[in-house]
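Beneath this line is the structure, given in structure tokens, with notes to follow.
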Amino acid sequence: MDVILPQILNGLDKGSAYALIALGLTLIFGTLGVVNFAHGALFMIGAFCSVSLSRILNLSYVTEDPTQTDFLGKPLKVETPYLEAWFGPEFGGALIDWSVPLAILFSIPIMILVGLVMERGLIKHFYKRPHADQILVTFGLAIILQELVRGIYGANPIQTPAPDMFRGSIDFGAMLGFDPNVIIYPYWRMIYFFFSAVVIGGVFAFLQFTTFGMVVRAGMADRETVGLLGINIDRRFTIMFAIAAVVAGWAGVMYAPINAPNYHMGMDFLVLSFVVVVVGGMGSLPGAVAAGFLLGILESFASMTAVKEILDGIDQIIIYLVAIIILLTRPRGLMGKKGVMED
Amino acid sequence: MGILEVKNVNKRFGGLQALGDVNLSVKENSCHAIIGPNGAGKSTLLNCFVGKLIPDTGSVMFDGQSVLGRTPYEINQMGISRVFQTPEIFGDLTVLENMLIACFAKRDGAFRMHAVENMHNERDIVEKAEHMLEEMGMIDQKDDHSASMSRGNKRRLEIAMCLSQDPRLLLLDEPTAGMARADTNNTIDLLKQIKDERDITIAIIEHDMHVVFSLADRITVLAQGTPLVEDDPENIKGNPKVREAYLGEAA
Amino acid sequence: MLGLNKKDTSLLMFVVALSLFAPIILNIFPKDSGFAFFNGGYPDLMQRFAIFGIFAIGFNILFGLTGYLSFGHAAFLGVGSYAAVWMFKLLNYNILPALILSVVVAGLVSVVIGWISLRRSGIYFSILTLAFAQMMYAIAYSDLFGRWMGITLTNGETGLQIYNNDPQILLGNGPTSPHLFGLEMGARKVLSIGPWEFVFPVGYYLCAILLILSFYLSIRIFRSPFGLMLRAIKSNQTRMSYTGLNSKPYTLAAFVISGMYAGLAGGLLAAMDPLAGAERMYWTESGAVVIMTILGGVGTLIGPILGAGTIKYMENIISKMNEKLLHDWFSFLPESLEYAMVWLASWFTGEGWHMTQGVLFMLVIIFLPGGLVQGGQKLASRFRRNKADDTATNATPAE
Amino acid sequence: MTKSNLTRRGVLKSGAVAGAGVALPTIFTASSAAAYTNEPTGGTVTLGFNVPQTGPYAEEGLDELRAQELAVEHLNGMGDGGMMNTFSSKALKGNGILGKKVEFVTGDTQTKSDAARASAKSMIEKDGAIMINGGSSSGVAIAVQGLCQDAGVIFMAGLTHSNDTTGKDKKANGFRHFFNGYMSGAALAPVLAKEYGTDRRAYHLTADYTWGWTQQESVAAATEAMGWETVNNVLTPLAATDFSSYITPVLNSGADVLVLNHYGGNMVNSLTNAVQFGLRDKMVNGKQFEIVVPLYSELMAEGAGANVQGVIGSMNWNWQLTDEGTKAFVKSFGEKYGRPPSGSAHTCYVQTLLYADACERAGTFNPCGVAEALEGFEFDGMGNGPTLYRADDHQCFKDVLVMKGKDNPANKFDLLEIVEVTPRAQVEYAPDHPMFAGGDLGKCNPGA
């Protein structure tokens, strides 16, 4: 139990990232019928919203300190953030410290804008094109976005820490009566899990209980009929795209403290999130979420030493192995709809 | 003993009894129509003939052999060709190519690895295909993109593909559905001609009474998944039960 | 000629000419001129053009004809390379057994993967092939099979290479680099005409001959009854089965043929450069062949070759434009403008070559859905219209 | 491999012939007078700088490129001369190499063996590069080294830390200045014993590829010799981005030290995750839990940020050293680029100078002559103290630095501090040491 439990926690945590990305991917796919290979890039842009905000809040003026020298023996340039100068080190410092949570708000307009521009400017013209064309054009877009980020921020990962109070970890084991240090878990990862649970719940509630959501769901099921009812489904789909972009962006914003963002993190997640979506079943939102958590937990289990002793290197192939088994036993993944993307 | 013998076929979808105790016999070289109101189970029954559905109980025998459990292509190779309600053709290909595929399937069976063989060496097949197109009056369109044709011509092509395989049984699923009157009449004429000129058995599912009475030698009326009556067209016309269950409704 | 109609024969002749004269066409700029940078006529790149041309031609037989989008074709390329290098290690450097084994092994692997993956269609098929390829990549990268069996099979991320203490039972006094019965792949002739210099490498010509053969075979397949069946699968599978045709063996055959093409390409990569690395199997490489095919023109005969050439040229030439070079080129401008131009250009060159690639994908897909072939046809038809205004030309279907 | 080289006169003549329209275009030359691949005939010599410009190690590659450009500048007599002034060999005059102006071409390895070989080949075949330098990973270094051996050019490896580069996979045309896994282990073990005691239980997380394996083997052997116990060694996939599931079992295993045999993005993430899980705040077996990263680089430390604080690792070289060579290099690099050079930049810079110097001393660009000049070469003034290029395996032997993450860095270049300079004698090993066995240097290949 003391071995399994932490891995379940790990799995839930990994799974929440997969699920959030896959959820957005499925929303776009289900509503617009577009295979969006740039979705990983949206996740990456979200993470860089965190980085950018922390950079903006850290904007500094430079003073020279003659008492210290830099590596060339010149007077050391000392940077003081404007915020600390304006609001005093305490409040200014706190603002800077909280840049990641603040980035959740900061990212909303950015992600909406990115989403709208993408949908109106590009994806709209690809609704009727073959999926291979959609894949290629969005893949091209993903490369461009990624290169832009690399040009601006460089290729090195950029640490974007969580607020001070959320660093460190909680000793679950001690609370549950195990020995101390047996089951520890970082605060921020738990926050990430709860955050994604809330976002996922929010998206489902939105689709379930609002008129807007009902129209979109109906549109997902039968676009033509809903169109015939005189409802401007296109506009709603555009909004849906923006929502999906925000969901992917938020997944990235909150992920930044877990692993330092780098420009290729979107591509790292891209293939995996597609596997998740397909294992969940194309077009099924609950399927995507379930598959995300399932694969996350299985991946964590496979990395346990006891499991690796059975088959060396199983942790490297588990996701793909499971994907193959599921797709062979369940033709349309866990909850896929018949006839969607089967030709 | 008919060429197609359907015995005690039952099919349930969840709580719905789609077919109940269907017995049917289609005589060789006849035209047998299956009619009935919407939801009577006509299409379900047809799907049982071609391997798309497997009935829960009962048997479907074609020429003394069971078709149940066989795949659609195996059933086609046995000699049953099917025409769909919405014409199913190879839209990306030309009219001639559509015909060639049917002719190859007839000659070479379900699979043959003729990967480097040259089309020029397949004179027989090409001639056969062109001959059939000529017969159907479509030879001028042989190089046309088949997706760009009218619905009537698509139907004509589909029938031509089926006929080129010399099927013993031709299944027609509402062949004139969604057609303009002129196209409908053309199709009726075409089918009549086929019926008269060939040794072929036709089973037709139809809504349009005009079509049914122009073609059928024998009619089975389905209602709620069960055959109501089976008789000659003249008798069906006068049958009050049919009138009540179907014609009256339609009128 | 050769069982081809007139149009196909001229297409074949075009490819033959292109392949034979590539060393001249690609080194069109004099050696010392400023444009010499854009020359691509050096052995390695020409060989890559031909090899990836073969890879893409094979992929197009599956994707272009049947419409089944495999996202794991690089696996067969990698398997072919490993097989070839193992032949070098065990027998000797003769490439013939190596190439034969790479095609056979890739064929066998593709039978297994194809047989399983083809139980599904559409994106489910794509993800199955992707999953298989990624699994094989992981297995090769950490040599998992080797570890399970306690031997070295792929030599991990270092890549499988030939050591002096390998068995090489047939080596004797034969050449110590890949050769075809003594004809070394690394050998080359150099032709200098005035300021021009043209290199004619043996290895390239072997690849070119195989490219031509592959291309010829693909024309035959495209035009054969079998090819017609494959196109029928793409068009309408329902009609296919109700016409008495079993689409499964057709698709599987196409899958295996394209897998064998990939195996041949992989074997050739190893024959030109006796090393096999796991990166060849990574999903981006599978994606690259999809991109090559679509970029050139999916389902067209010559498109894949053009696409492969374009991508490899960009990868090898644009990535070498560094800032020093840009400064040289823009040095005629006033300094401030020079720096601005260099700044702008550096987004797209050197380490920014991915950006150029992304932009190209988008432009081609948005404006030329039929790929470069369609672009060529548009140009040609415009040219023809200009030439003879009175003859109205219909857009020829992409072929 | 043959290649013709025309004299200027020949070019002019045949140009004139072609211009005159006389139909005699074919001048096939099966072989020429060239004694070795890409023998420079004009007034210039071309070096090939093959570094990762895209992919996860791109920043490192760009830093290598900066250093290489700087080296070319210095070789051509521009700038302040950098380490040429402190180098013990005085063969270089600042007039290029052997009187020929140095030019360079660049390529992108993408940190993939295939791409790296392709770009190296294009430099050799198209641009006439006589030497290839750079790189940021062992797999790529070994692949390119093999290629250079076959093509007949010298390979001056950049950052490559696997034992295999000068062990199992050593090649006569390849030379490594950078240190290796064995040296890291040998240098770290005494410091670790001193700082953390000899009674420690170590848990290894190892990147699942050859570099990871050789480093893990080296570090485990060296620490075990000091009395440490290796509790477990878990291999992690290279593609892993989240290491949480590998880190959770660590505390439970009874280990009190975590050794991260990771590099680049893997190391940044695994260290970040380990710190996130609060490992460094824990007491296990009555001791403070510690993390060790055997191979450090400045750019990784920058990526890992505050997480490196207090973490011990080793480096080939660091800009904070105070010898004259280091000072000269840091000064000229810092003034040109506004930042201190990284360790891999240093290696690439030094390798370029060493190559040039060897050509000067050999009096030729012939790879065999250059190799001979480098083999057994003793030098100083390049920042690592007295250094030997050992003839048996083409590995440099020099002091190794043990580093520690600073607690209060003043800026982003100041994340690490030097704990100890381990003397060369302590990291030396016999050429036939079992961790390096199985290789065969072969004979130098001049191509042609």
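All chains are identified by letter, namely A, B, C and D, in their written order; residue positions are counted from 1 within each chain.
As a working rule, a residue touches a chain if its C-beta (ideal position, glycine included) is under 8 Å from a C-beta of that chain, and two chains touch if they have at least 3 such contacts.
In this text the structure is predicted, and so the values were computed from the model without any measurement.
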Give the fewest steps needed to get from chain A to chain B, where each step moves from one chain to a chain it touches. 2
Without chain C in the mix, what are the joined groups of chains? A, D | B
Just by CA atoms, which chain is the most central one? C
Chain at maximum distance from chain C, centres defined as averaged CA atoms: B
Between chain D and chain A, distance of the C-alpha-averaged centres to the nearest whole Å: 35
Approximately how many whole Å separate the CA-defined centres of chain C and chain D? 32
Measure off the straight-line distance from the CA centroid of chain B to the CA centroid of chain D, and report it in whole Å. 74
Touching two or more other chains - residues of chain B: none
Of all the residues in chain A, which ones touch at least 2 other chains? 312-313, 316
Shared-interface residues of chain C (touching two or more other chains) are 138, 141-142, 354
Chain pairs in touch? A-C, A-D, B-C, C-D
Chain A-facing residues of chain C, complex: 63, 67, 69, 116, 119-124, 127-128, 130-132, 134-135, 138-139, 141-142, 144, 147-148, 237, 283, 287, 290-291, 294-295, 298, 347, 352, 354-355, 357-362, 365-366, 369
List of chain C residues in touch with chain D within their complex: 39, 42-45, 48, 138, 141-142, 155-159, 161, 163-165, 177, 186-195, 197, 199, 269, 273, 275, 277, 279-280, 315-316, 319-320, 322, 324, 350-351, 353-354
Inside the complex, what are the residues of chain D that reach chain A? 54-59, 62, 208, 232, 234-237, 239, 241-242, 244-246, 248-249, 251-252, 265, 268-269, 272-273, 276-278, 281-282, 284, 299, 302-307, 319-320, 330-331, 334-335, 340, 410-411, 413-414
For chain A, which residues count as touching chain D in their complex? 2-3, 6-7, 9-11, 13-14, 17, 68, 70-72, 76, 150, 154-159, 161, 167-169, 181-186, 188-189, 258-260, 262, 264-265, 268, 299-300, 303-305, 308, 312-313, 315-316
Chain C contacts chain B in the complex at 3, 217, 220-221, 223-229, 231-232, 234-236, 238-246, 249-250, 253, 257, 397
